[in-house]
Every structure is written in C-alpha cells, then in structure tokens.
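Working notes for the structure below.
Labels A, B, C, D and E are assigned to the chains in the order they are written; within every chain, residues are numbered from 1.
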Amino acid sequence: MLLNIVVITLTGLGLFFFLATTVGILRFPDFYTRMHAAGKGDTISSLLILLGLALYNLHHLSLSTALVSIKIMMILVFFFMASPTATHAIIDAGYESQIEPWHNDEEEQA
Amino acid sequence: MIWSFDLLILLFMVICAFFVIQVKDLLGAAIVFGVYSFLMCLLWTEMGAVDVAFTEAAVGAGVSTVLFIAAVHRSSRQVKPRKRWRRPNKAVGLIAAGLLGGVLFYASVDFPDWADPSSPASTHLSPYFITEALADTSVPNLVTAVLADYRSFDTLFETAVIFVAGMAVFMILGQKTKESAQVGIDLTGGYEDTIIRVVSRALVPFMQIFALYVVGHGHHSPGGGFQGGVLLGATFVLLAISFDLKMVLGRMSEKKNLLLANTGVLLYSGIGVLSLLLGANFLDYSILHTLLPSTGPVVARSHAILGVEIGVAITVMAIIILIYTNLSSGGTNEKGL
Amino acid sequence: MVDFFMTVGIVLFLLLFLILHRTVMGPTIIDRIMGANVIGTKTAILLVIIGLIYGRVEMFVDIALAYAMLNFIVTIAVSRYFMHHKNLRPSGYGLIHKEKNE
Amino acid sequence: MISEEQIPVLIIVVPLLGALLVNLAGLLTGRAGISLILTVAVLSLALAASVQTLLLVMEKGAISYRLGGWPPPFGIEYVIDHLNSLVLVVVNAVSLIAVVFSGRSVKAEIPSHKISLFYCILILLITGLSGMTITGDAFNLYVLLEISALTGYALIAVGEDRALMASFNYLILGTIGASLYLLGTGHLYIMTGSLNMGDLSSLLPSLYGSGAILTSFILITVGILIKMAFFPLHTWLPNSYSYAPTATSCIAAPLVTKVSVYVMLRSMFTIFTPAYVYSYLNISSLIVWLAVIAIVGGSLLALAQRDLKRMLTYLIVAEVGYMVGGAWLANRLGLTGTILHIVNDALMTLCLFMAAGTIAYRTGNLSLIASRDRHGSWDKSSGSGLAGLFKIMPFTMAAFTIAALSMIGVPPTAGFFSKWYLVLGAIEAEQWGYMAALIFSSLVNAVLFFRIFEIAYFEKSSGDMGIKRGESLEAPLSMLAPLGIVAVSLIILGIYSGDIVTHIIQFAVPLS
Amino acid sequence: MELLISSYNYWIYIILMMIGLYAMLAKNNLIKKIIGMSIFQTAIIVFYVSISAKKDATIPIIEHGKGHGHSAVISAMDYANPLPHVLMLTAIVVSVGTLGVALALAQKIYDRYKTLEEDEILEQLQEQAVSDSVMTSSGCDNDK
C-alpha cells in the first residue's frame, strides 16, 4: 500500500511537471524560453514518471521483476544523459540559425 | 488492444499525416513525419504488435527520419508553389484518392468487427501458429517463430530486399571519384561540438551491446535480427553525425560494408542450402540436428533461427550504414551531416 | 492501479495534443524539433505504461529503450543540419551551388 | 546428392546465391570481366533447372514444393504446373540470351567499378521474376514483386540522364501498384484468414457475394495492371525502357510485363478461380473493351514516336492489351492465345530490343525521322539514323525483319499463331471490337515496320563517323549470335506452336 | 454507434491511405511524393495490424512457463494473431528499402536539375528535347 502511495505521488508529480512543461511550451514568448521549459520540465517529468513505474513494477518482488526495474532505470539513466544533450543541440541549432532572443521592450523603456 | 488509447492515437496520426502533406518546409515535413512514426509505433504496441512496433520504432521513427534529413541536407528544403500548367495533377490525385477511399469504404462494411476473436483471420491459420509454434520450434516469441521458420522464405527475400535497396542506393549515388560531385556544400560552419561528441562516445558502446542483446534475445522478447541490425546501424549513424563520416568510414569502410551485406544474405541462404544438401527441403532447419551434437530437430530449429537472425542483422546493419553514408554525402563519402 | 495508469496515459496523451500543436504549427522549424523531441520522450514512457496495462512490462522496456535511443539520434541529426545550413526558413536553397564549369 | 524433388527450388536458390557470388567476386578481385562469365554460368544453371522442371511437370503433372518443410496453408509453398513452368523457361531463357547479348553494351554503358554490382542486381531481378512465377503464396508474391521492382528502379536509373526521372516515376507508380496488390491480399486475408493461393480458392466460394472480396479482386487486378503497363496506367513504361541501359531494357522489357500478365492469370485462375472471375462477376466484356482501348491507344501512340526504341515501348503497351483482352475472352481459345502470346511476345520483344541495341551500339542513333545526334556528325538530309542499315548491318536487319514480321503476324513466324488463337477466341466469344482492334493493331504494326524497312533499305546512309558508304559494319559475334538464335527460334516456335499447345498449354487452361 | 466502435480503425486507415495517395499523385515536390508514399505504405500496415488485434488477448509471445510440461495447454484465444505481424515486418522492411532508393533517386535528380519540383524538371526536360531538335534542324550551329 505504501508502495502504491509512493508510486502515485511520483507519477503525479511527474504529470504535474509535464503539465508545467506543456504550459511553458505553449505560452512562452520565444524559442529560447520555450526550450528552457521543454528541456528541464521534460527531463524531470520523464525521470519522475519512470521512477514511479519502476517502483510499481517491484510490486511482486522477484528476480525477473527486479531485472525489468533495472531496465526501466536504464531508460531513466539514458534520458538523464541524452535529454540534456539533445536540449543543448537544439538550442545550438537555434543559436546557429540566428534566432533573436525575446526582449520585453516595454520593461526596458520603463 | 486498449481502445481509448487507440482512438486517441489514430486521431493524432490523421492530424500528423495531414500536416506532413501541408507543411511548406521539407525539413519540417520530415520532423512531423518522424512524430507520425512515433505515434504509429505506439499504436502498434497498443494493439499488441510489439515486434512490428519495435521495427517501426527502429525504422520509421529512427532511420527513415534520419534518411529524410540527410536527403534534405544534400538537396533543397524549399517547396515552391506549383506552376499553373501542372494543376491537373491535383485533380487526378483527388479523383484517385476519392475512388480508392470509396472502394475501400465499400469493402469495410463487410469486414468482421474490429478485434473480434471469432473473425476468420483469427480462427483459420493463426490458432495453429499460436498453439503449436512453441512445440515445433521451442521459440516462445511466436512472431520470431513464424517469421524465421514457417515463413522463412519470405524473410530470406525480405533480407534480399534490403540488400537490393542498399546496392541500388550505392549504384545510383556511389561515385568513385570525388570531383564528380556536382554540388558543393558550405561546410566551413560545422564546428566540433564537444558535448555531443562526449555523450555519443559514452553512449554508443552501450547502445551496441543493447543492439546485440536485441538480436540474440529475439527468441524470448520482441526483437530479432532486423531490429537489432537497424539499432547497430543507427549507432554508426550517430557516430557519423556527432563526429564525421570519415571517422565511421575509417572503422567501417565502404568495401567492408558491401562485404558484410553480402555475408549476411549468404549466411541466411547458406543455412537454407545446408539443409538442402543434407537432403531436406530448402530452409527446413530440422535436418540440421545431424550436424549439431546432442540436439533434437526442435532445438536445431531454434538454433538455426538464431543463425538466420544473425545473418539478417549483419546485412541490415551494413546496408543502413551504406545508405546513410551515401545519402548524406551525395555518394562521395566526403562529409556527411 | 491499472486504472490509474490508464488515466496517466490518457492525461499524457491529452498533453501531447497540446505539444503537437507546437510541432505542427511552428512558428519556427526549431520549435517543431523541440516538440518532436518532447513527444519522442513521452512516447517512450507511454510504451512502458502500455506494458504495465498489458501486465507484461518486460516485453515493452526493450522497445522503450530503443525508442529513447532513436529519438536522441534523430534530434541530434536534425540539429546538426543547422550547423551546415544556417537559415531558419527555407527561403532560397540551403546549398551553395558550386558548378564545376564556372 | 540433390534429389529430383529439390530441382524446382534451384530455380530460385541458384540465382540468389549466384548474385551474391558475382558481387563478392567483383568486390574481392576488383575485375569486372569475371562477372559476365559467372552471370552466364549462374543463369545457365537456372535455365537447366527450369527446363528440367518443365519436363518433370509434363511427365508427372503439377508439383508442390514445401519451403522449410511446412505443409501448405502454414508454410510457403511452390506450385509448379504447366503454366508457370512454361513461363519459367521463358524467363530464364530470355534472360540468359539477353545477358550474353548485352555483355559488350554493359562494358560501354556502365562505369567499370559498378559492373559486378550491375550484374548482381540484374540476377536478382531475374530471381524476383522467377520467384513471382513459381510461388503459390499470395504474400510471398508481393515480396518478390518488390524485389523485381526495386532492382528494376536501380537498373533503369543507371541509364542516360533522363532515366533518373523515368525511374522515379516508375518508382512512384510501381509502389502504388505493389501496395494495391498488398492491400488486396489483406482484404483476402481479413475475409478468409489464409494466404495460400490454393487454400484461398477453396475458402472463397462461400464468400462470393461479399463486397470485400470484390474489392480485393479490384485492388489486386488494378495493382497488377499498373505493373504490366495497361494502357491508361502505362505512363511509367515508355520513358523507363527507352532511357534505360541496353542490358536493362533487353531483360526488363520482354519479361516484366509478361510476368505481370502471368500473375494476373494466376490470380484469376488460382486465387479467384474462373467460376468467380468469368461467371459470377460477369465483367468480361467490359475488360475486353478496355483492352480494345489499350490496343488502339498503344498502337496510335507508337505511330506518333520518332525514335525506334520509344516506338517499341509503345508496342509493348499495345501487346499487353492483346494479352489482357485474350485472358478475359473467357474461352479456351482466347486463353490459349494469351498464354502462347506470353511466350511469343517475350521472344519478339527481346529480338526487337536486341536489334535496336545492336544498331544503337554501332551507330548510336535510333531516330526514325530526323537525326538528333548531339555531335551533328550526321547529315540532316539523311533523315534517319536507320538509313541504309540493310547494307551496313545485313544480319542484324534480317533478325529485325523476322521479329517485325512476327509482330505484324505474318504466317510462318510465331506471332501469327498466337494472334490466330486470339482472333478465333474473339470470334467464339463474339467480341467483334476486340477482333477489329487486333486487326487494326496488326495493320499499324505493318505500317510502322514497313516504314522502317523502307528507310533502312532504300535511303542511303551518309554518316561519316568512319563508316564508308556501303561498307558492312556488322556487330560483333557476341551480339549477333544471340540475336540470330532468337530470330531463328521465332520461326521454330511458329512451326512447333501446335505442339506447344497440345503438350503444355492445353493443360494450363483451366476452362473446359 | 456500434458500427463506429466496431470499425473505426478500418475507416481511419482509409483516410490515411487517401492522404498518402493524394500526396503521391498530386504533390509537385519529389520529397513530398516520397513522404506520401511512406504514409500510403504505413496505412496498409495499420490495416494489417488491425486485423491481428483480438479482444482480451495479449501480445503474441508465450508467457514464461506456459506450454511446457504438464501445463502444456496454450489457448489460441489468449494471444493476438502473429501472422499479420510477420507480414508487416516484411512490409516495413520493403518500405524502408523503397524509401532509401527513392531518396537516392531524388538526390541524384537534384544534383542533375538543381530542383526538386516536378514541373521545373519537366520544363528542363522539354527544353532539352526542343534544343535537341533545334540543333538538328538548324544545322547544329549552337553545338558546343
């Protein structure tokens, strides 16, 4: 039962972060800010949900389920390495193709 | 199958397909097409077709998209508006699509209900495969069993198709002399990205081990020669992208690739010919137990399936590398993406 | 618990719809890449969730792992495109023609 | 070591292994010369196996071969009866002759480092065509269809400049055709649950009324019609075969369309059975009228061409109309004529394309009206690149004449007999429009070829290029010998066509 | 409503198929045609995989421990139909092969004509044909 609560909390948190990511991706004004939301929020939400799934899988603890959980953790580790690299590459692509960062002109004038 | 997921994914896919066709930027179209393939793979897992999903993930979402990007990289990204005198094409397309849709819709009324367990397709041949394949071949993954044993002749030619495709790409694009490349690209800008290099270098060995695991473990889980081969090829593609083509070609030269592609098909058909020589029918693996010590015909089938899968993996890996290197460099093998 | 994962899956799908909007509408090509990358990572998670619903995760994690890898490769490949072609929009041709004869 | 029962599979296995061997030999030795020898050896073996199979079939009746040893509805099965063993012999014989013939032109047209690859893909094309002919499994046929298609795209694309676009169009249309076929097979599968052709034919009768079966029939037929370049869907063919390298057009032009016609016959006879196709559907006269349009359209378009090779490609389109029409006459005579015409037309087309290839090899100019040579070395008053060829290349033109007469349908040649059966079938089925179309097309062929004879016989050649007026400039023996063999065989086939019909074809026709 | 639930899968594959066919025939850009081709082929795969789906059935991999020893009973109702999956594995391979060849052709065409638009290529081809015939009729003076 405790496990279930932990799983639900982790997955729920992950979903919350993903919701925040989605809002960020939709609402932020320019590419760099959107990428900021996508890069961070996407990674953390993936990690949390995967962690929850890996824990849930340990429900019936045995060698085979432990192995599967280890595999899920491998996906997690892979995301942990690959996702920031991908974010870096995309940001770089945007920078190379001369996307201008967004400025809040009103604020600067004020 | 999980029908609520099913409906959502199909909706997604139609939207994607529509926008893929509409987008005016070819690179954008390639990316949206990649998303389309991602969703398609999800659709198949949801319907229980895990092996198809694995293949689609490897091929559709991974390699196809990279190939599209490579092709766009060597050509143009622009879609120009159509000249007026070509307008009739649009009408032809609409009429043909309408006709096809009408005919197919007319047929779909007679289909048995979706996912009905008593439909002819689920009651005629498939029960035999489901109930007997494990006893016949000792391979729990039914798809692998049917693919590499009951219908191994199809799979032999599937391997031949991918072999032909690689040879065809090499035939069309491959150039011996570098000067004959007509299009020069401004390659001065591509600088070396340390972060990407370090991460790829760290990840590639694990990915390759994973790919080998996929090839070998195809008997018990989704996967097999084709999926593993594509993954292996994709690791080399990753190296070629994050470093450059020379680095990959130094390890897997074009000649080596061509040889490997041949070897794979040869291994597959060789196993078939071996059973032919031992007096059984072509590709009848059970006879091979006379060669393998202390195995019965059933285990011999299982072993032969593994051999066949390895052959497929070798060919597919070599061909994926070959197609990528040729497409991304315009056949010159000079500098890729 | 399976119902919970069903719900999680459906919520993920609905959120992906919103991200799909970014992917197909742009405005820039890089936004599309970003959207595709996010959809790719979330599909890998959805794969594991489908596996849990089927009750046979062990068969699905391999696919999810392969998925994550290929998503990474695709993202790197697209972003490398902009190392060579530094134009955001497809106006004109990305390549500089160097005719041999000229 | 290999018993008699294993011979049918050698028709596929030998070329498959041979293709790999040719490629490996080319890669490892780096010498192109060895490829041709190996290719000829491999194709001779395949031809021997197919002749042996034909003899076996004539002796014992239909053979079934289980691939992988699995019983038919579960595994893949070869079914070899009189019809496809005959087509197999034709496929292998034509390809062997064409490969021997085109040895020189390949050296001239293909870059040297790609020659072994070219031969490898060529053998795989033949493997695909043989496989399509031999298989008894609907899905296996699709895989082999794609093998022959993919190899075809590659082989066409290495031709001259314009071949690229032709190959691309072929690829788009060919993929539509193959996909429609696959979709039709899917409809069959969803309704019956089987893929084996024999099994399907036994499951279908209870489903005749179903719209899905009708749809599957339409999809499969339209898919194959695209592949065989039936008139309104023929647009890929002329450009592909006229810009392809000589070797490709010599093999693909006679074989690809004929094997597709065979596949249509197979789907009509074995999958859907004549009972459904002819009696239940009752659309014979509609399709015969479509065939009439195809014949007339192909012939008229051939009249409009100014280049010999292009003209020949449109003649293929017209000939496809013959065979489709004959198959849908729904009587024994029409079907006999169709099957005989598959054999004859393969040889006639081969002979004409080889003659055109020989002329192109020597003079580089195949235009019928005005010289279009880029170098301008031909006097424009000479008109055609074919002028005076009877003097320059007498043997080539003799072979060309025999093939042309056969195409027109002049009695001692083979073409006459198949047309005769078709006309008889048309009379029996009372399809006067089809009969008129046959006669019209023969007339058009006569006009076309006599125009060429006139140019080649009476007009004087005035080219320089080192050709002295009236001097014989015959092609080398390696090109002439195959050409001669085919030309002679056209006459022999004509003389013995009665025997072929009584010993082979009459068993292949399912109608009683 | 029941009809909708029981066959919406088949309808949506028809829509995908129509989109693909339309793109193959009507689009002017060669790469767009190739993308249309891929959609067309994947639509067929959707169709086949839909055939294989079964209510309350799991993936076609025999669960560990079943089919051996005394509990050697495998119920055909418990597993999805593996045959269409096998066919579609082959079809996917074929489609990636076709895709590779098509892209190679498109790239070669771009190298040659410097454009991927079908109408521009056809214009160039026509110009080429016209210039060829002009060359012969005007005594080939512009020949270089």
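In this section, a contact is a pair of C-beta atoms (placed from the backbone, for glycine too) under 8 Å apart; a residue touches a chain by one contact, two chains touch by 3 or more.
None of the values given here were measured: they were computed from a predicted structure.
K.L.:
Where the contacts of chain A and chain D overlap, which chains show up?
P.N.:
For chain A paired with chain D, the chains in contact with each are B, in label order.
K.L.:
When you check each chain against chain B and chain D, which touch both of them?
P.N.:
The shared contacts of chain B and chain D, listed by label, come to E.
K.L.:
Between what two chains do the most C-beta pairs come into contact?
P.N.:
Greatest number of C-beta pairs in contact occurs for B-E.
K.L.:
So, comparing each chain's Cα centre against the centre of all protein Cα atoms, which one is closest?
P.N.:
E
K.L.:
Farthest chain from chain D, comparing Cα centres?
P.N.:
A
K.L.:
Need the most distant chain from chain E, centre defined as the mean of C-alpha atoms.
P.N.:
Here the answer is chain A, farthest from chain E.
K.L.:
Between chain A and chain E, what's the gap in Å when you average each chain's C-alpha atoms?
P.N.:
33
K.L.:
If you average the CA atoms of chain C and of chain E, how many Å lie between those two points?
P.N.:
20
K.L.:
Chain A to chain C: how many Å between their CA centres?
P.N.:
13
K.L.:
Round to the nearest whole Å and give the separation of the Cα centres of chain A and chain B.
P.N.:
The mean C-alpha positions of chain A and chain B differ by 29 Å.
K.L.:
Enumerate the residues of chain B that touch no fewer than two other chains.
P.N.:
Within chain B, residues 26, 30, 48, 50, 63, 70, 72, 74-76, 79, 104, 108, 111, 119, 121-122, 125-126, 129, 151, 154, 158, 161, 164-165, 168, 172, 182-183, 189, 193, 196, 203, 221-222 contact more than one other chain.
K.L.:
Counting only residues that touch at least two other chains, what does the list for chain D look like?
P.N.:
Residue numbers touching two or more other chains: 139, 143, 146, 150, 153-154, 157, 183, 189-190, 195.
K.L.:
Using the touch rule from the top of the page, what residues of chain E touch 2 or more other chains?
P.N.:
17, 21, 24, 51, 58-59, 61, 63-64, 83-84, 87, 90, 94, 97-98, 101, 105-106, 108, 112, 122
K.L.:
On the basis of the stated criterion, which chains touch which? Give every pair.
P.N.:
According to the stated criterion, the contacting chain pairs are A-B, A-C, B-C, B-D, B-E, C-E, D-E.
K.L.:
Considering the complex alone, what residue numbers of chain B touch chain C?
P.N.:
Of all residues in chain B, those touching chain C are 2, 4-5, 8-9, 12, 15-16, 19, 23-28, 30-32, 34-35, 38-39, 41-42, 45-46, 48, 50, 53-54, 57-58, 61-63, 65-66, 69-70, 72-79, 179, 182-187, 189-191, 193, 196, 200, 203, 207, 210, 214, 217, 221-223, 227, 231, 234, 237-238, 241-242, 337.
K.L.:
List the residues on chain B that touch chain E in their complex, please.
P.N.:
Answer in residue numbers: 1, 3, 6-7, 10, 13-14, 17-18, 20-21, 26, 29-30, 33, 36-37, 40, 43-44, 47-52, 55-56, 59-60, 63-64, 67-68, 70-72, 74-76, 79-80, 82-83, 85-86, 89-90, 92-94, 96-98, 100-101, 104-105, 108, 111, 113-117, 119, 121-122, 125-127, 129-131, 133-135, 140-143, 145-147, 151, 154-155, 158, 161-162, 164-166, 168-169, 172-173, 181-183, 220-222, 226, 323, 326-327, 330.
K.L.:
Mind listing the chain D positions that touch chain B in their complex?
P.N.:
1-3, 6, 9, 13, 16-17, 20, 23-24, 27, 65-70, 73-76, 111, 113-114, 117-118, 120-121, 124, 127, 131, 139-140, 143-144, 146-147, 150-151, 153-154, 157-158, 183, 187, 189-195, 203, 210-212, 214-216, 218-219
K.L.:
Mind pulling up the chain E residues that touch chain B in the complex?
P.N.:
On the chain E side, the touching residues are 5-12, 14-29, 31-32, 35-36, 38-39, 42, 45-46, 49-64, 67, 72, 74-90, 92-94, 96-101, 103-108, 110-112, 115-120, 122-123.
K.L.:
So in the complex, which bits of chain E are touching chain C?
P.N.:
That would be residues 58-59, 61, 63, 114 of chain E.
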